[in-house]
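Please go over the structures that come below.
Both of the next two complexes hold chain A, though its partner changes from chain B to chain C.
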Partner chain A sequence: MSEAARRPLLRTALLAAAGLVLLLLPLATTPLLLDLGCQVLLACIGALSLMLLTGFAGQVSLGHAGLLAAGAFTVGILVKEATAPFWVTLPAAAIAGALLGLLFGLPSLRLRALYLAVSSLALHFIVIYLGGEYETLRGLSTGIMVDPPRLFGHELYGGRAWYILLLVVAMAVLLACRNLVRSRTGRAWAAIRAHETVAAALGIAVARHKLLAFVISSAFTALAGGLFAYYRGFVSIEAFSLYLSIQYVAMIIIGGMGSLGGAILGALFVTLFPYGIEAALSTLPHADRYAGAMFASNYAAFGLVMIFFLVFEPQGLIGLWRRWRPASAKAGRP
Partner chain B sequence: MQLAVNIVVLAATYALIACGYVLIYRVSRVLNLAHGELMMVGAYLLVTVASASALPPLLAVGLAAALSLGVGVLVHLFLMRRLTGQPALAAVLTTIGLGILLRGLVVLLWSAEQQHPAQSLGLANPPITLFGGGRISTLSLALVLTTGAVYGGLFAFLRFSRWGIRMRAAGQNPLLAAQRGINLNGIYAVAWGLSTFTGSVAGILIALDSGLDTTMATIGLKAFPVALVGGLDSLLGSLLGALIVATAEVVLIQYVDPLLSDVVPFLILMAVLLARPWGLFGSREELDRV
Partner chain C sequence: MSEQLVLDGVSLSFGGLTVLNSVSFSVRAGELFALIGPNGAGKTSVFNCISGIYRPKGDIRYRGRSLLGLAPHRVAALGVGRTFQHGELVPQMTVGDNLMIARHTRIATTPWGELLGLPAARREEERHRAAVDEVIRFVEIEAYRDTPVGALPFGLQKIVGFARALAAEPTLLLLDEPSAGLTREEREDLAYFILKIRDRLDMAMVWIEHDMQMVADLADRIHVLDYGRSLAEGPPETVLKDEAVIRAYLGSP
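Then we have the complex of A and B:
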């Protein structure tokens, strides 16, 4: 069999094996690991949607946490005020995200790079303010409780069920992103990212495609936020700080810009990073003495890693893999 | 009257912090989102100086501010210099990373507890009654006067001094400036040092007036819309921007909703970005160059 014919087969086999392992994982693990898995999957959905916006359409956003908050609050408010079921709240969250994405996207028609990042930062604070205002007005100063959703008459509860659900949603989002990127829209985004003026000269409707990128990305993000609300069973603005936005930006940088696989790697890395630091610190002598400093060490180490990737490895983990993978695999691809 | 005093004090605070953003942006086109953290480091340096030595308060403040100037230069030498030639956004994200690193380090080195450097320096802070019946604390008055002095000094420095003129040249056209024999790296280092210095002076005065913990970095971030409202490359703009934002914030908190405090600067920022993205006094071509 020629090299070219074997590759897709191998790829499919590898992907199928990976999928099977991911599906069977919950049978063999502890609740703690399952929770980690769920966190990673949620982060994957958020990182994929940010990657779509920044890595493919070239539009920067520092307001990702604001969009996650919008989704979570849509779910929280609908459950609280109208006891709406799962089937209503999640689409509503996605729609709220899409509308908000339109709003986040409008400045992008005038602003570029730095200024766009700043405007999304401003919108983040505005969304968080509105959420806080709702909490105070309703007298829910600590946050909104969200009951576990009911699906086909069963209460969706426990790590295993959630893991499967999130895995399915994350896979669906990954598939949607992959198809989008390879479609006409995706190519238009790539052109806009490369050079706006040239893209416009080629007949691409720049404004429409920019807004579309914001709308799609924000809808996915808000969906992730809504799922997060159900998964945690609790919504509060405390969970959606600016730091969360930065973490998502760090995911796509650390993973590698312009690659969906990079978004997943980055989500994995950033989510597991604090646990890694914790484990590393606890192996040190006198570990109990550092217990109080755990949070700060995490913070500092995260900043350090972010700087490291930006300065020394701007291509991210995917770049590392591309450089280090076996020469035979390299030869097989253009 | 009290309202006016509050506005002036808040405006002076914002203006003193915002000029740090402007200095760096004007010279090197880098938006330094770690400014709030750097200013916090300056304030914590005062805590260390105050506890390690028995210097008189004024000397201790001076020493801490001088150290912070060194911190700024070091940040350029060891970090930002390596990013020369990379997209502006990579540099901004790096400063965000730096900010996170500094926040963690500050807690590790100085603990998360609230510090009161004014007490350890034995500095009293009696309120002064002004002629209209408004009251102002001594240190707030010092802050307003310092802001005036710093802006006066910066205007004179950029206008008349040799290094100031070089800085302006480097900001206008780095390539031509370098061709004329201006050491760009030196200029950038000076800009980072000065920016951290002015920010730290603000941080130190705030810490003396109302104590110090890691929330100070948030004050630094709130001052950033001020710089953008006035125009990221205009000192005059940040002075005016500070006045606008402070007025809106104080009045809205007083009459509408105290929760608005955190969001007002960003609401104004949004309005300015939509109507006049380059700010009140900024140069228009900036937008295309970024």
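Then we have the complex of A and C:
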């Protein structure tokens, strides 16, 4: 009994300590690292939402960049056209995402796997097309400038403030996702992912829960897109290529399907990976000669890592962690 | 006793292939009704018709209400629980969580309440966890409550599949070969649970079974299917001696 009571306490203490470290991090770091931190946190929100959809509800999507773009453009347009405040634009972005999710969840009622992925591409191209049309129409050929938002009378500006805000939002999204997957809705998703017909015979309204997964996931994704717009201070369709969607899919595969912790590890890994490759290449002799090959080596290395995880570690980073973590942490688990 | 489930001239065909040909029977509350027949006789198809997975002709009524045209999840919500031949559990989830899935139609939480972790949603979750724990105690698998189902041996998984059907607190239980792949000891356990349910919960049970000894020992009545047709029906002692039934199982001499 006492042993069982102590473990959650230790867990809470560890989590609290980790949270404190994350909060205090910006006090002792460089602007470059802070920017990296913010990028990772934004990626975390996006990866968590995609994990909900694919890793838990089993619905494949290549429309993630399109949804991020939808959120970013909702914020950009509302700021530009109506100088709408933070409290309006972000919920509006989430609602726009939810509506798009509902619309582009509909094919999932008929299509599966690869076919569903292809249908989600339509979402991507439609959003990018509309965004491009808006840019041209308003003569904003390079994109929309977004002023820093005002929060409680303060302008939200600079790496530190953004780091804290994104940390809070990412934590909230993580908590919301965790609550969902551990409840009736999350269990229904798991059942649908395992076997649709059986899920239906157990009383689960399959269509409704698939759509719900698209709606919730898309709302969070668009929220991340909206935050991205503010953080960068700039919205342009250039930022939302198909490659971005593939990167998010990579995050959840590399992190480990069906695990929220995996989404976070994947976001961390995929965001930092290009910087790692760059750093590694720069240590080589005559590094300047390879400078032109940087992009190519990045893509190639990224592809290799993806193949490695798909073939050798389908459970991703979280699977590695579960296998390698100290025996003491494993002991006592049933 | 009142008739709970009534099948009235149920026919099913896929293209030119006739799977069920005017199958009729009825099951009463508190009755253990065995559905037997050689492989391919259409036993599981009968279950899929009741569950709303297939759309047959004829009529299927449950407690006076026609099930035909209802979506599978609506049929389940009316109190029709079932097991599946191969268990069909969610392997990465624990035994407890798999049983919680079956309480889906009973749990009254909204996605909002769940997402925000509202106290009402938590209380509701706790209440149903307690109900699931009771089912787990009933089938005596307390030791595996928090074990992922995929890590359990096949026999135990079948018991979990059985427990999952019970966790929904059905009023009609469809058991699809619950004993297949079980050891003799496990079969005895299963027989004990089935009898305990029948006696305590007054549930109507339709039971697809290949183990004729078990059927003879336990069933109240037997219905025999052969090539999608009803071949015989009655108490075990008469049906299992029926010549047509013996021929269907052993082939004509």
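Everything below uses one rule, namely that the second predicted complex is superposed on the first by the 331 of 334 C-alpha atoms of A that agree within 3 Å, B and C clash if a C-alpha of one lies under 4 Å from a C-alpha of the other, contacts with A are read in each partner's own complex, and residues count from 1 in each chain.
In this text, a residue touches a chain if its C-beta (ideal position, glycine included) is under 8 Å from a C-beta of that chain, and two chains touch if they have at least 3 such contacts.
Bear in mind the structure is a predicted one, so any value in this text is a computation, not a measurement.
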Chain B and chain C placed together on chain A: clash or fit? fit
Between chain B (first) and chain C (second), which, if any, makes contact with A:240: first, second, both or neither?
neither
Max touched-residue count on chain A (chain B vs chain C) belongs to chain B
**Item:** Contacts of A:176 with chain B and chain C, given as first, second, both or neither
**Value:** second
For A:189, is the partner it touches chain B (first), chain C (second), both, or none of the two (neither)?
-> neither
- Look at A:163 in the shared chain and tell me whether it touches chain B only, chain C only, both, or neither; answer first, second, both or neither. neither
Once superposed, chain B sits from chain C at a minimum Cα distance (Å) of 14
Residues on chain A touched by both chain B and chain C none
Note: in the complex, chain A contacts chain C through residues 175-176, 179-180, 183-188, 190-191, 193-195, 197-206, 212, 216, 258, 334
Note: in the complex, chain C contacts chain A through residues 51-53, 71-73, 75-77, 82, 84, 88-93, 97, 100-102, 104-105, 107, 109, 111, 114-117, 121, 125, 146-147, 164, 168
Chain B partner, complex, touching residues on chain A are 60, 107, 110-115, 117-119, 121-123, 125-126, 128-129, 132-133, 136, 242-243, 246, 249-250, 253, 293, 295-304, 306-307, 310-311, 314
Note: in the complex, chain B contacts chain A through residues 31, 79, 82-83, 86-90, 92-94, 96-105, 107-108, 112, 221, 225, 228, 257, 259-260, 262-263, 266-267, 269-270, 273-274, 277, 287-288, 290
